[in-house]
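Below are two complexes that have chain A in common, paired first with chain B and then with chain C.
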Partner chain A sequence: MALPPKQVGTFIPSEISFLAENSFVTIIPRQAMESIALIGGAIPSMRPMRRIEVPIWVAVLLKKQSRCNIVPPDWLSEENLKITYDAEAANMTRFSANLPWEWVEVGELILGSAPDDLSSPPHVIRNLLRDIREVRQAKARAGLKNLNDSYLQLDNVGAMELNEIRSFVTMAMNQLRIMQSTREGGEQQDVDVEPDDQDDDDDDDVLPRESYDDSMRTATSYQDSYDTARDSSRLGSEFTGTEDNRASINSHTFAEVRQNSIQNRSRSVLPRAPSYTDDDDAEDADNDMEMDETYLNAVNGN
Partner chain B sequence: MNNYYDIDDILSDGQKIPAVFQLTVPGMGYLEHGRNTNTDIKEGARIELPLWMAEILAIGGISDELPTGFITVSTPAPFSNKVLNALSADPANVDLRGQSMQFYKFAERWLAMTGDDALLDTIMDTFKARAAIVNDHAHNTRSALMTDRSEFLGTLDDTEIKLFKAAQEASKDLKKWTSMKK
Partner chain C sequence: MTDARDLEIDDLINNLDKEYYSAHPIANSAYLTTQKSRDLKSLVRLWISERTCPDILPYAHELLDTMLDRVREQVEVIEMNTTSGDASGSAKLKLLFVETEIERVKFLVRGYLRARILKIDKYYMHILNNPDTQTRLSQSELRYTKRRGNHLKRYYDLRFLSSLPPSLQRLDDTTGGLQMVDAPDLDEVVFIRVLHDVPSEVDLGNEDKIELRKGNIYVLPYKVIRRYVDNGDVQLV
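For the complex of A and B:
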């Protein structure tokens, strides 16, 4: 609750980068080390010159101590980045699938910690990454012109790129959604109107329930939504997954789709804006109830 | 829809709506004349009422003798045809802030009362068109402030200002992170 308002609805870049440090990278150890058992998984034992995969944070740490060399991922080589850049520039309506979900962060991390392990001079790689980012930014910008009240499809967009537009997009879409909900007639059911919104507010609540809930929910679901988004991003292509997979971040074009599964989609794509309350699937409702109880207990001093 | 704790909702509640009284209200003349008098509000008097009051008076009190309710409301100035025509011609060139500081919030409330779909379409289109421009400016602050188009930023209503801030913060944070030594 003490988070600054902007961090309730979105990540800051350093948080995104922190999460990306959990992805794996190949290293070539320079010295032997025994396996370390950690809660998140064991780090395998190391023998010199025997390649192993470790989380990036371990790799960076070992690299700093000159205990290993990092093998840059394939996509980070000069040739592949050039190919990616050409692919990006050739098609201005979709993002190319050549880059992983956390490409901005991993690129920065490796450039920052192991510039000497890259196959090409670091400034070449850096410039290529910057060029790619600019092309992709232009696409995201063009896509924002197609905002609507329910759905924005952005396939293969990176975590950092998504985060950059998230707060703007959620706010704008929320505003459109609220305005759309005043529309009369049949279209109303498509839109998430919650007439009992205010009734949820217990009169003796000290704080607005809504803001309490949302901050809690956002905090607990960060890792979840991150993982979901990442998993589906790995699936790689649009409309190949299940309904749920399609629902998340994994699209390439800005396109409007049927409105009936909108709620799933927009929920998994974008953590909700602070005032966005919709709880019609059971899971969410459960969470709400739990949180309410905890909260009430806390308020009552139990 | 209306959030008790939201300052913007409270402000949009206070937006004025032109209303015509359908009956004489004894002793309330000071509302009309703005000074301490003992006159009555006459039937047919035109008074601008805040939205929250107009909403209640227009809907409440409908009965057989008074099929119109206590008052009838007419379209507020920010949603007049003149403004709407200007908006459909070029959304970026209208001073929304001059129309109403809470243009979109006010629009929400007004639309919820009247359900005017044509008006809704115009306002949604306006919002989308302007949001895109707001985003451009937010990611490019320096040049935006130096060109003539910085005038545009002076015409944003409160909702758009929030959007601008959100986009600008995101862009600023990212720049900060990128230039940070890792």
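For the complex of A and C:
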């Protein structure tokens, strides 16, 4: 019962929303209720009109039964959202710091469950939220142009926004890194490049870097990285070309590429004949491919 | 006028009394409440970390035991209340919250374990070859890994390995510098959020150096950030 594939390497939106439901919100109870002991602490006892803080999921449940009013957080007021929007639009290279980490989810939860508790008409708030989201999405997309193999800084990004670009960024950066190490290997032939192992002495058991260096020696893996490079560039164009439903497209293509790389890997990982453990690399690689075909057939039961 | 004021004062005194009485047992219950909410937060973090980290993290024995005990306690509370036949509205509402929360906690625990099983399935050979990694698993996870390893080995032998030349029968061959065994790739990038300022710059290995300031969000290879994740300066998101 391992994790289902669509949840591998990313969270699905409902999970992000689930996490946001644990954050606290102020409510005004409409009726008295005793304190309830829960696993994650107690819901405090309620008296009408006395404000208390509860997790959002509690607030939503109470609201559904008309037992409380939710006090929307300050940032969710029309006035503050307008200020935020202006701040977002004014600087196209940074996310503004006016919004909390879980702003997308909390905004949706409150709009969905307590539209009558907002200080302005719900559609005004909804439109403002959408505008802000679009400006920020544009920034996130523009930022992806600067993707490199070393790091990416995303200050003030929201949880949901982060999750939307997660699978793309992770995959692209990992592929860039592999391509980078392939290039280094191509320039320096068999010299092992280990620049960053000096300061990390606790990862002796780690083999990724070596394994990449090793895999470079065979023509098959050149083919691999060519394939994946092509895949990722195609993914890039799809990514920028599609406005809506980015998350689903992402995970779809991600899964595709993933599968590809798994296939590639399983091919290069299959047993090799003992006779060509060294010597001429190119020839070995050719043999490798042939051998692999045979093995694959054998595995598939042909 | 006096009546009204008296009433108000009575109310106030009543409220104070109530507050006192509800506060009295709370002298330790408040502590318990913060402790409990801290535990739940840890469980949430644990789930997020296990889902986002390329490596298998140490199994959180104590926290999991505590949380499962508390789930059991809450289930007992539900059973007590349903058998006592108290069908009043407020009792039902109370149970609704208790039940909902149980499901939420169970979801987290399940998600945590399933994320681990995924990695175990993928890296079982690596785990079986590394006693150090084995210490990070729980007893039942380790048992599962070993049995899975045995079953797969037997299956492969039966299906095709036995008909190959002996030199090709190994599943963990390293000839030619190629690893057959899948191991967690610690160079994979992770998303992190910085919780405390880190005084020294972090060396990314390729001339790049970055500062970790509170609130920063980065995407970095897990390897360079691992020690800060372990000491709690940054968290995986």
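Everything that follows uses one rule, which is that the second predicted complex is superposed on the first by the 177 of 302 C-alpha atoms of A that agree within 3 Å, B and C clash if a C-alpha of one lies under 4 Å from a C-alpha of the other, contacts with A are read in each partner's own complex, and residues count from 1 in each chain.
Keep this in mind: a residue touches a chain if its C-beta (ideal position, glycine included) is under 8 Å from a C-beta of that chain, and two chains touch if they have at least 3 such contacts.
Values in this document were obtained by computation on a predicted structure and should not be read as measured data.
Chemist: After lining up the shared chain so the two structures overlap, which partner does A:T84 touch, if you call chain B first and chain C second: first, second, both or neither?
Modeler: Neither chain B nor chain C is touched by A:T84.
Chemist: For the three-chain arrangement built by superposition, which of chain B and chain C touches the greater number of chain A residues?
Modeler: Between chain B and chain C, the winner on chain A residue contacts is C.
Chemist: After superposition on the shared chain, which partner residues are touched by A:L38: those of chain B (first), chain C (second), both, or neither?
Modeler: second
Chemist: Could you look at A:R166 and tell me whether it touches chain B, chain C, both or neither (first, second, both, neither)?
Modeler: In the superposition, A:R166 contacts both chain B and chain C.
Chemist: Report for A:L152: first if it touches chain B alone, second if chain C alone, otherwise both or neither.
Modeler: Only chain C; A:L152 stays clear of chain B.
Chemist: Is A:G112 touching anything from chain B or chain C once the two structures are fitted on A? First, second, both or neither.
Modeler: The answer is first: A:G112 touches chain B but not chain C.
Chemist: Once the shared chain is lined up, is A:N69 touching chain B (first), chain C (second), both, or neither of them?
Modeler: Once the two structures are laid over each other on A, A:N69 reaches no partner at all.
Chemist: Is A:S17 contacted by the first partner chain B, the second partner chain C, both or neither?
Modeler: first
Chemist: Thinking of the overlay built on chain A, is A:S96 touched by chain B (first), by chain C (second), by both, or by neither?
Modeler: Once the two structures are laid over each other on A, A:S96 reaches no partner at all.
Chemist: Which chain A residues are contacted by chain C in one complex and by chain B in the other?
Modeler: 166, 208, 211
Chemist: Where on chain A is chain C touching in the complex?
Modeler: Chain A residues touching chain C: 1-3, 7-8, 11, 15, 18-19, 22, 33-43, 45, 57-58, 61, 65, 67, 150-157, 159, 162, 166, 169-170, 173-174, 177, 195-196, 199-200, 202-203, 205-209, 211, 214-215, 217-218, 268-269, 271-274, 276-278, 284, 298-299.
Chemist: Under the stated contact criterion, what part of chain C meets chain A in this complex?
Modeler: Touching chain A from chain C are residues 22, 29, 33-34, 36-37, 39-41, 44, 48, 51, 67, 70-71, 74, 77, 90, 93-94, 96-98, 100-102, 104-105, 107, 111, 114-115, 117-118, 121, 130, 132, 160, 164, 167-168, 170, 173, 175-180, 182-183, 185-191, 203-206, 208, 210, 215-221, 223-224, 226-227, 237.
Chemist: For chain B, which residues count as touching chain A in their complex?
Modeler: 1-6, 104, 107-108, 111-112, 115, 117, 120, 123-124, 127-128, 131-132, 135-136, 138-139, 159, 162-163, 166-167, 169-171, 173-174, 176-178, 180-182
Chemist: Contact residues on chain A for chain B in the complex?
Modeler: Interface residues on chain A, with respect to chain B: 6, 10, 12-14, 17, 108-109, 112-113, 141, 144-145, 147-149, 160, 163-168, 171-172, 175-176, 178-185, 193, 197-198, 201, 208, 210-211, 275.
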